[in-house]
Each structure stands twice: as structure tokens, then as C-alpha cells.
């Protein structure tokens, strides 16, 4: 059985309730999440052995993070306690044509203020086959860019594959900064989320008229043959509760696409991308057929839109069942 | 004024709240319902004199059932108290593309464990013109199949018409068992819900290419001329909150159809079929025009989708008003 | 900076929660609102200096009204305290194909029982440039029709422009009564909401085949050249949570139209028209370009549908941002 | 089996939630209640045959009243529909040392605006043994004082006993008005709530130093020997959630007293007196022993303080069980 | 580090909310709990290595049990999935003088229907030092009495100490049945909860006038010298939210007593005894001083009364801090 | 009419709901508060003209602060917008014997990061008679100690009286640091909260056996004759919901004491001290009689314990009414 280690920051999300505006709210729903932790929980729900490495304050908010991860069976032996605070963000949930709005309050967190990798490498990577990271961690500071390079190189020393979700956040760093970092680590990556814009902006592929996504993936793969898998979603937003979503996977030189899902009556869109990534990793580990992988990942992401919170709450069997049927009362 | 007696099991429904998954829920909404009880309440709301015969435990859950029925003016003098427990089911409400899921916990209930009909027939049928039953009761056990035959025969002795909603549940008995039972009692039935699949499976009508629903109803009616009315709905499911619904009624050798309703933003679909059945019975009692009956029944069922709980909360006047207009603020 | 004074009744709205029917409700959400107060708050949110003149009881319900207005920075120095009660209405919120239903309980309110204008005119109009009124106040009683005529004439004495939202409510007075009153005050009006039906019914313009809205506005303007601006919305209702909306503005002899918004997943439609009116007044004060005005007003009204309560909770900047983009998570 | 008819106004109570102040509330809990209706429901819960005569508007608030009464098995065949509105009151629930505060909004209700007794006397009194009324109805208007005299005289014609709960409300009429009315009807009363202050104020008994409650009851009984039973509670208020309560009953020339209950952690005090009255009437009908009656009534009233809403939700058996034990988990 | 294995049934508790009566409830709060599982979670919160062995259905209710235990770090590798249903009980929470009431619906559960011990003994007891059981399991059936004897004997084979909480439930078996069973297994018990009544009823110790608790413990210990520790609480109930509690511990021939806690404003009393037991086991494992053990256990139980649900949510440090101070804001 | 300016930090408080523990919470109630802002709102509710000077971020959390203050009529023209974040704290509300626990997350806030006084002194002090500050602001940093000295000196230049609430918080600075600062500014203070411990620790008064509070106040006043008023509360904590409270006021060389309130069933204790301070300032401005002042202040503080949130929601009239009566239903 493969073991996956997810590595990154986890935050407290405070969301508005019952369509209230943020500055009118008298209550907030609380969830704990972060891209890499969401992937970890989703993989645990699919039946994998998963750990999560991060740092949270030694106070009840930190304990809540531990309970949240434990609940789904994610190993928290690499979750460190200490530092000043838990990163937080406020989310005004969208409704109809009003989009969702995020107010970050994540600076000075225990994780972002870490000055060096505080884990023992041997313990951290013991039994681990894949480490999953994202572009959010290096976006925190140049210090973290250096730490991530260290981490990735250590992972390769221990023969651990590296999965990267680029997850570019314009509020945290510039396109140029991100691109420089991505190219610096790209030779160490095995699996990589990337869409056309990522190819243009971060991998510096020139745009080619009428070229499909496979063209761009192939172009990146020529420079970085170590990247064996690319994946991305195509999302069309009608309103905050009605989107369309399709998954793309590039493997063995071919592009595989899922059906396009019409997702209406969305409950919570946050974590939809992480659910997709977890679906891809699940497929890479478990299925031989890339088409099966991309179908599973798109279905998993679609289901995520039907539950509150950041993490996907469906088992492998439930995702498979959904691939057959949906919307019916089962009785 | 006609008096209708509904006969069957009533259960506690524990539903998830705010789109939570069942295994993540910290609260459940409770409703009391069952196909026959739902029909009874809906008919009472339409202004009819209605009773409900069943058995519930002599504890607060049983008292809650009584209060629930009393609230709508349903006569509970044939509601018996005793036995071990109230049948229960858990309902994980669907959301968007995630379908609704039901976990039954109904075995060993006071009603299902009844060993013989515990009512005095004279009291039970006093003043009653129609008894409404469903295929769920005989599905509980072979014992209940025998009791239902007894009950139906008694009803005929007292000149009470028999209305049957087949309501096949694959989790409770097989197609063959159900068919055998249906055919056994079919000669005593006056009004019968049945769709094409029921005709094929339970009445053993052979499929005929391109034949309409009227063909199958006519075929059944040839074998069972006592069945004067057939009815069914055609439902198309886009997602858990978006369905389409159309009503069919076969009476006097003709098929009558309602318009097709596009039902979006569904609040609670459970009981939609029972609301339809109540609308049919209401029309049979009150209207001469079958088209008026089917239009009323389809409108009633459509409105049911806009309220929580199992039972339809609209008066005859409200259904009639809806047939004219909908969706506007009335002020 | 222009100062706007809104004048009219403000009521307590008691709304059903979680799609409950009114007669099944065990809780009500409370909001304070009224057409003119809603316009006042919306204008304050757009950054204008605004006051609201009305009368409420000297009890906690009246104090709640004052707090509600103060919260958004509306000046309440012309809000009088006294009289018997606060007008109330119950709103059964619609869901899907079930329309919203209103039960008025507004008779005998402190405002409607006022026998003469209880304000000192000098204080009331000090610094005021525009007074905004609606057709609901004269609909309360013939006494109020006389008081409104007095008020409007006083306003003109103080060089205050008059903005009228006709807002015809058939439950309060007849078409003939309303028309007679409208024509009586029409020579004093500067800005007027009016749709085609208002032109026909209240301004007695004859219908002309195939004529557009501009024809009717021009026809009114010929009789009442003092009315410099006409505006209205065109709304199509699919169900209680799905509408379409387009705004119309007639200024300088031309008709300007916004795009047609497809508004789905509606949170609360009440106050959508008031948000539109506030958008128009905002544009008239701030923008030179009528097209910009109507685009702003339609966008403002559309956003109103995404929040609970009667009043529009968006700043000028938020409405402008919405004109560019919508439905995306901003992070 | 005795049948009791309760007669009076029933109102909508809108209560604050979670200790909020009224003018800060964004939600209200709704309950339907009135002294006489509360007595009716409590008696129905004790197993008696009970009816309630009143008038409510023909709108959803009126239908809610009917459902509320039906739920507990109270006969609503004498509940009339019509008129303008349902009387309402707002209740700011007390907490600790902050007392509960009531804002009445009951004027112009369907019941209070009734111009003559709208019931057919024969139907109203059919099978009735006791009519229960209160001093609130004559407090509404002099018109209602006249109607009450008519009603009481009619009751005597039909050999119906009259139970009066004086229930003096200083906000509705003066002590003198009330006294004059009470003395006018006192010769027709069988059972009467009255405390020492009622004796002094309304029955004009002179105060006597050191005299006990029995002295005053005896003094009234000398003038009105038709009054066979007097009863009252003695309540001491420590704070809004901590009271002490003791019941008094005067029957056959003797005073009977319950134990003094120390009632802490009060859930809802409204209706505590009505629960006591219902307990007295229950005892008068069912028990021979006055001590048993007063013990039952005081226990019933004590239990009422543990549930929300106006009406007492305990069966005779539950009250009896409480007389033996309390506060323990039963498992 | 010691490892404790708790063994027994875990149920779904459905509790009333906001002081509602059970038959008036429209929502239930759900918690998962059982005496042994509660002890397990409490010990895990104190920092111990703990496992829980039981059987739950292979459906979302069973998965919820697993998540509940995992959240607190309880090992669920001995939690079996299968069988028909999860035992359930309904709890009407008491308020003030109204006591809490329990309606059991636990028959036919997956655990109670188990026909033989379904665990592999080697796996079950691997690394286990103490097994904690209660008298509820043998109360389920004579079959379970036999299975418990098997289990206890197996435990001794593996050198596992046995901790027994007698926890007599009169609704499940008789005093005689219970006593016979207790005496049958008493020679295998190391730690035993027992109060004076248990000594009299189950251990058949003769009552001795004025004898203290230590007398009875000594008497049992003479017959069963293997029982090294006895413990119990003394509880006085003023009302459902106000109790007093004191802990007793008999060890090394001496009786140790905690202070008497005055526990007011109780949030949830269920599980208070289990929290006490967990405190005792914690002290036995970690502290040398019996006085420290009983102080810790009584404090732990007291704190349990301040949180909802069955299980105690306090760490060892929090209990220790509480022993010093309470009721103050810490800021 | 006097105008008071309160100056200090205002934070977002996120409180647990329904007695949940912080690390188990899925929702938080949000309130905005801070000692000086709470005093401002309370004084506004007593009818005074009040302003609040602070700095909050230019995002929805900052706008919420403005709305909160506006709602009660507090002037926000000196509320600055800018900087990084709003200070936050998490409050686990106590229940019974479990004390309330606070987790601060206030570092790096917009207010604390202010580098110089950003107000124009002329505008800030225009029309102001009293400035109210607390010891929390200088506790933020030595920078803020300097800024506070500047501010206080500026205030004296503009003839503004200075009111200081020492409000010592051990988590923010040491006793020595606080004392040094207090003594540095003491010559500029007019009104000062101080208890015996403050006298000993911060004013370096030597303890004197058996001396009363007046001794210590007199001793401070000898060194700082400019301080004309001292005040403090004496609080005894039984549990988180049951306290006793008494107020002390030293004015004109005499000590005045309120009655001792027994405060049970506490709703929210936070802000009780601020309510007391506001009551003192109200009395100093409005009443000649110090006894009346201290009685009012203690009553105001007592009432604060009955409402949620940081600020006192009672008018002068309500506090006065409370001084006469409490705990009774007013109807």
C-alpha cells in the first residue's frame, strides 16, 4: 500500500451563514482546511494511508486541526505544535450572481513563521511514497521558497515522488516570482497540475494558435521529462451556485478528458480543486487506465460541490456509484 | 360527505440538515410519515373526512404520531398503541448531483409485529366509503400479506371501495412476490396506481412496441374490470433539486394527462407521490371531469415539492390557485 | 453633496424561515423595511447623505427601527416617536413554484394614524435637495392623500425636487383612486417610476399598437413636462427563485436600457424595486451618462436579490465591480 | 365524562430568542396562547373532553390557531373565522435579574371587534358541563362586558357551571371597572380564582389584621354562596429564572395548601397560572379530596415552568409521577 | 505506556433540543456513546493509548461511530462492521424540576445480536494491559453473559487486568440475575465500581447499622481479594440542572474521598459516571497517591457536566487546572 | 451637553455557542468590542453624545465595526480605516464550574501597528469634554505608551478631562511596566478605576492592616490630588453563571457603596466592568449625589450580565426602573 504525505499550511476558515454579508454576520461557520490537507483527507476517505505535515499553535485552534485530521484517519504524527497563531480567512459565501469573497488574515501564522524545516527527515519520510505539495507554501515568503527546495531535494533522496499542485494565488506573489520558483523545482516534480495559462506564464511555453491542451503539456514535458503526469480542470461559472466542470489528464503522451458536469445548486465550491487532485492521485495509484482516473477525479470533484467545508467526504465506492447514477432517492 | 380510511405503517423519519452527510450529522430533523398517512393528511387538508388506522408504541414517539395526525384533523380513533418500537428511517437529503440516500431501521416495529388485525371491523369501517392501502404493508412479511387479504375482503363486506398504491420497494420484497400478491388481491381493487413497469412486472402484461400507457391500462382492465381507475406519474430527474413531473390518469377507457411541470429548487421530494395519490382520490370524489382530476393531482404533487416533511400542506383552494398562477409575490 | 430625504411608512416584516408555511411556522425572521426607507438605506450605502422621516411607536419596535436606520448612517432626526403600533406584515417566502404570500397587518399604525404633518417644515427640509416618496402613503387613507399634497407643495416652496415611486398596491386602493391622486400631484414631480400600465391606468395615455415604452413616457412628458426622468423594470418570473430583470430609463427624450439579468438562486426578492430606484437616484446625482445610470440601477437591483431583508447592502464600488464580473471566488 | 368549554381570546405571542433584547432581535419564536385556551389544552392533555370558543381571522395565522388546538385534541367547532387581525404581543423574555417585558399589540383583533355573540347557543353549549372564562375578555371593552353577562346568563340557562379566572390586567382596565364587573357577575360563578388582593379590590372585603386567606374566602362566600371553590397561587420571584410557588384551594369551608416549590432554571413562566387553573378544574372533576386537587394543581403549574410556550404539555400520569419524584434520569 | 481496551456497545443518542418535550420535538441532537466507549475517549483525552472493541452496522451510522472514536485518537481496529442496526435511545433532557427521560430502542442491534466473540483473541489483546467492561453487556442476554465469561477468562490468559463498572440498569435485567452474574465473574475482577447498594444486592453483604462504605468494600474484598480497587460516586439531585457529587475510592484497605462538588447550571449529565471511572483508571495508572486519584476522578466527572454529549472533553492538564481554580475568565 | 470621546482598540470576539468547547466548535458567534468602545456605546444608550476613536482595517470586518458603533448612535468620524487586520480573540464561554477561557489573536492589528497618532488634534477634540482611555492601549507596546502620553497631554491642552480604566491584563505586560506607566500619567488623570491591588501594585501604596478601600483611595489622592474620583467593583465568583457584585465609588473624600447584587443565570459577563465604568461616568455627568452614581453604575453592570455581547444595551430609564424592581413579567 502506497503512503502519501501531504505538506503545507492548514487554516481556520470562518464562513458566513444563510447568505449573510460578512459585515452583517453575527455568526460564522468554522472549518479547517488548506489545499494539501484537503487532498490528504480525501485520499484517506478513498482508503489510502496518508499523513499530513504542518505546524499549528499549541492552543485549542491547533487541537481542533488535529481532531479534524484524526477524524478521517489522517496520521498526525508530523503535525507540529507551536508558534503564534493559526492562519485564518473569512469567506463571504456567494449566492446567485453575487460571487464569493475571501478576506485573508493568514500572515504571522505558526506555519509561515517557521524558520527552518523542523522535522527529522528520516521520521518524516518513513514509508512515504509520494509527497504532495502546492505553490501556496513557497508563495508565503522567499524563506519558504528555500525551505521547499530543501524539502523537495530531501524527498528525492528518500526516493519519494513529488506531486505539485501549482495553485497560483495572485494575492500572495507575482506571476514572475511564481514562474521562477516553478522552473527551479520543475526537474524534481513527478505529477503536476497545470492549465494552459500555467504553461504560458510559468513554464514559458509560447502560445500557439488553435493548439490544444495536449500541445502545451507536451511542450512542458519536453523540457521536464521527469513530469510524467499533468492534469487540470476547465470550469465555467454561470453563477455562484451553478458551474460546469470538466477534467483533463495528460499521461503517456495522451490527453484524457472526463465528461462535462453541469453542477447546479452548489453547496460549497471551496476544495473542489483539491478533491480533483486527490482523485487524480488515487487513480494514479490504483487504476491502470488513465480514462478511469480522469473520470474518477472529475466525479469526485463534482461530488465535493454538494457538501460544506473544504474536504471531500466521499469514499471510493460512493464516487464509483455516482459515476453510474445520480439524483435519485435510494430506498 | 365521503369518508376515507387510510391503513398502513407510519414511521419516524430522521433527516439530515443543511446538506450534511449522514455520518457527519450532529442534528436530525424529525418528521412522521408513511405513504398512507401522508395521503390521509393531504385529503384532510383538501377538506375531506379522513381516518388513519395503524399501530404505534405507547411512548412519546407514538404520542407524537397522534399529535401529528390530529393537527390536520385526521381521526385517530383507529390508531392503536402498543408493541415494541416505532419504525424509523434515516434520510440523507440529496443536494445537486448527490442523490438522496435512505437507511431503513424499520424492522421489529409495533405495526410490523402485529399478529392479527387488532381492530373491531364494525368500528373500523363505520361510515367509511374508501379504504386506501399500499403495497408496502404486504411487503413487510407473509403474515402481513395474509392480514391484508383479510382486511380487503372485510372492506368489501362493508361495501368499502379499495384504493391501492402499489409503491413497490425492492429493498423489502422481490418483483415475483409482489406480483403474486398484487394479482391475488387485484379482483378487489377499485382504484390502482400503476405505471408501465407495474403492468409488465406485476400484472404480467406483455410489452408491445410503441404502445402508450393507455394500452397497458386497458390490458389490465380487461383482466380486472373491477379496477375503474389507474394513475401514475412520470418523473425525470436532472438532479436532487431539479425534476420534471407529469401526471397520468386512466378513467372510462381514456388516458388524461396533466402538463409537465418543471420543478426546480426542490425543498423536499419525499411524499410527492402520496400528494399525487391524494389529489387523484380528491378528484375522484369531488370532480366529474377526469382532466380536472389529473390537473389537480399533478399540481398538488408539484406543490408538495416546495415544503419540508412527508405530507402535503396545501388546501384545495391553494392547489386551485396554483393552477392559475405561480412564483409571484401576492401583496 | 446632495441630501435626500425619504418619507413614508416603515414596517416590521415577519418572514417564514427554512421554507416553512406560515401556519406551520414556529419562528419568524424579523426585518424592518418600507419602500422609502429601503431607498434611503441603499443611497446611504452608495455614500450619499440621507434622512428618513416617519413615525413609529415609542416602544422597542420603534427603537429597533431607529437602530436599523442608524446602522447604515441614515439620519433619524425626523423620525418621530408616538402612536399606537408599528405596521406589520407576515411574509410566507416562496420556494420554487410556490409563490411568496403576504398577510398585511398594517392598519392603525402610528404612521397611518397621524392626523397632520407633525414636522416643522424648516427643520424637515433643511439642506434637503430631493424628497423621495411613494404611492403607498396616499393609499393609506384620503387623509394621507391630503397630507401628501401639502408635503409636496411645501417641498416645492423649499426648492426640493420630488421623486415619486408610484408602487401601486391593489390591496390598498383602486386604480381609479390612485390615478386621480397621481394626476393631482403630477405637476410637482421631477422623477417618476412608471411602466406602460401606469401610463395607461394612471396618466390616461391611450394604448398604441406596437408602441415602445418611450412612446408612453413621451406622452406623459407632454402633459407633465416637469417630469424629467421616468424609469421602470421589466421582470419575468420563472419561479420564486428564478427571475429575469431588465431596467429602463427615459431621460432627455431617450430610452436607455440595461442588459437583461438572469437571476437564479434568489435569496430575497423583497426590496428589489427599491434597490433599483436608489440606483436611479444615485445615477441622476452622480453620473452624467444615462446609460451608466440605468446599468448601475439594474446591477444594484440584481445584487439585492442575493441578500436577505428589504434593503440593499452594497456600496457603490461593489455595484461597479459587479458590472465587470460575477460569480467567481475572489482570493 | 364532563365536557369543558373555554371561551376567550387567543393571540400570537412573538418571543425573543437566546436572551436577546426585543429591539436587537432578528428572530422571534411564535406561540399561540391565551389564558382560556391554555386551560383548554391543559385539560385535554389531562384526558378531558374540551372545546374552545373564540374568533380568529380567516388567514394563515387563524389556521395556525386551529392546528395548535387540534394537535392536543381540543374541539374547534366553536372557533369562528373572520374579522381583521389576530391579537399579538411581543415578549422580551427575562434572564436572571432582567424581568420579562410584554408589548401588547392586541387592539382591533377579530375577537375584540366582535359586536355580538356570534354562536348559536344551542350548539355552543351542547353537552357542556362547565364553561371557563377569564377577566381578560370583559377588560377588552364595555361592549364585551355586556356580551359576557349575556354569555354567563345563557350558560346558566343551559345548566352549565361557570369557572372564572379573574386574571386582572392593569394595562387593560382600572381596578374600579374590574371590581364593578366582577360583582355584577359574581352571583353566577361556581369556581373562582381570587387572591387576597382580589378580595379587597374587587369583592370589597375589608382588610383584617393577621387574617389568613381563608378569612377572605369565607367573607366572599358569605356574599356569594354560589361560589363553591376559590383558588390562588402565592409566588415569590428571586429572578426571572428562579421563583417559588405554592397553591391554595378553598373548598367546603376549608383552606388546602400544596407544598412550596422552589422552581429554578425556569424555561418559560407564561401560562403557569393557567396550568394551575387547569389542575384545579381537573381535581374538581376527578378527585374527591381537595388536598389531592391542590397538590395536583401546584405540581402541574410547577411542571409548566419547564417547557416553552403558553400551554402545559403534561398528562395526568406525568403530573402524578412528578408528585413522587423529580430531577432523576429515568433509564 | 499502558494500553487500555474498552469493550461494549455504543449507541446513537437522539436528544431533545432547547428544552422541548420528546413528542413535540422537530429536531434531535445526535451523539454516539456508551459507558465503555465514553471511558475510552476520556482516557484518550488524558493521553493514554486506548482501543475500543464493539460491533456496529456497515452503514453511515456505523461510520459515524468510527469517526467519533478516531477524532479523539481511540484505536478502532477492533471495531467490527456488520449486523442489522445501531442501538438507539431517545433522551428527553430534563429542565429544572422536570427530570430527564430515556426511551430505549436498542434491541436487535448489531452488537447485541452477535452470536459468538468475533475477534481473534491474539489481535484483540495485543499489547493490552487493562480491559474495561460494564454490567450493561451481560444485561443484554444470557448469551452475552456467556460470552462475557469467555472474554474475561481469555483476558486473564493474556495477563490483562479486568476493570468492571457494574452500572446496573433495572430496565434490562433483574437484581437477582445481575447478582448471580457478578458473583460468577467476581474472582476475575481487578477494579470494580460498587456502591453500598451493589454490596448488598449483588455481593450479598449483610447490611450493618452505621457502617461506612469502607466496611462494605472490606467485606467484598474478603470474599474477592483479587479486587484491589473499589470506587463509587455519591450524588444528590436538587433538580435536573443542580446536583452535588462526591467521589469515593477504596484502595489498600483505606477509603479516600474527594470534596463534595456543588454542580449547578448542568449542561449534560449523561456520561458523568463514565468520566469518573476514566478518572479513576487514569489515577490508578499514573498516580501513586489514592487521594490524588479520587480528587482527579471527581474533578473530571464534575467537568463532564459542563459539556454536551456522552464523553468527557478535558485533558489531564485541564482537569488539574480545574482542581486549583474555576469559574474565572482567563485572559 | 457633555461630549465624551472613547479612545482605544476594538476587536472581533468569536465566542463558542451552546456550551461547546472551542476545539469542538463548528460555529462561532461574532461580536465587536473593546473596553473603551463598550463604554462609548453604553454612554450613548444612556443618552450622551459620544465618539469613538480607533483604527480598523479597510475591509468588511472594519465596516462591521463602524455599523456596530453607528447603530447605537456613536459618532465614528474619528474611526480610521487602514492597516493589516482587526485584532481578534476567541472566547470559550464558561458553563457552571467550567470557567471562561480566552485565546488572544490580537497582535499585528491595524490599531496596534499605528506608528504615530494619525488624528488631527483639533478635529479629534472638537467639542469633547472627557476622553476615556484604558490601560490596555499602553500595554500593546512601548510605542503606544509614548503615544498615550502624547494623547493625554494634548487632551489637557484642549481642556479635556481624562478618565482612565486601568484594566490590567497580565498577558500583555508586567506589573512593573504597568505601574511605571500609570505613575507617569497619573498627574493628568481626573477619574480613575482602581481597586486595592491597583493601589498596592501600581501606585505603590503600602498595605495597612484592616484598612478599608477608602484608606487606599485617600493615599493615592494625596499623591495625585488631580484624581477626583476612584471607583471599582468587588466581584465574587461562585461559578461561571453565578457571581456577586458590589460597586465602590470614592468622591469628595468619601466612599460610597452600592448594594451587593446576587447575579445568577448569567448570560454574558464580558463587558460587565465597562458597563460599570459607563455608569460611573454617567453619574458624574448627570447626578449630584455620589450614592446615586454608584447605585446606578452597579445596577447598570448587573443588567449587562443579562445580555450577550460586549456592550450594555439598557437606557438610563431602564437602569432606573431596575433599581426599583426586577424579575417580574410586565404586562
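Going in written order, the chains are labelled A, B, C, D, E and F, and every chain counts its residues from 1.
To be clear about the criterion, a residue touches a chain if its C-beta (ideal position, glycine included) is under 8 Å from a C-beta of that chain, and two chains touch if they have at least 3 such contacts.
By chain, UniProt protein names: A, B, C, D, E, F = 2-dehydro-3-deoxygluconokinase.
Note that the structure is predicted; figures quoted are calculated from it, not measured.
Fewest steps needed to get from chain B to chain F, stepping only to touching chains, is 2.
Interface comparison, A-E versus D-E: the higher count of C-beta contacts falls to D-E. Using mean Cα coordinates as chain centres, the one most removed from chain B is F. The geometric centre of chain B is 46 Å away from that of chain C, both derived from CA atoms. Spacing of chain C relative to chain D, judged by their CA centroids, is 45 angstrom. Remark: chain C and chain E have CA centroids separated by 63 Å (rounded to whole angstrom). Residue positions of chain E with contacts to 2 or more other chains are 21, 24, 26, 67, 101, 265.
Contact between chains, using the touch rule, shows up for A-B, A-C, A-E, A-F, B-C, B-D, B-E, C-D, C-F, D-E, D-F, E-F. Chain F meets chain D in the complex at residues 261, 263-267, 302-303, 305-308, 313, 322, 325-331.
On the chain E side of its complex with chain D, the touching residues are 18-21, 24, 89, 94-102, 104, 169, 171, 237-242, 265, 269-270.
Interface of chain F with chain A (complex): residues 14, 17, 21-31, 59-61, 63-64, 67, 84-86, 88, 90, 92, 101, 103, 105, 107-108. Of all the residues in chain D, the ones that touch chain B in their complex are 67, 70-73.
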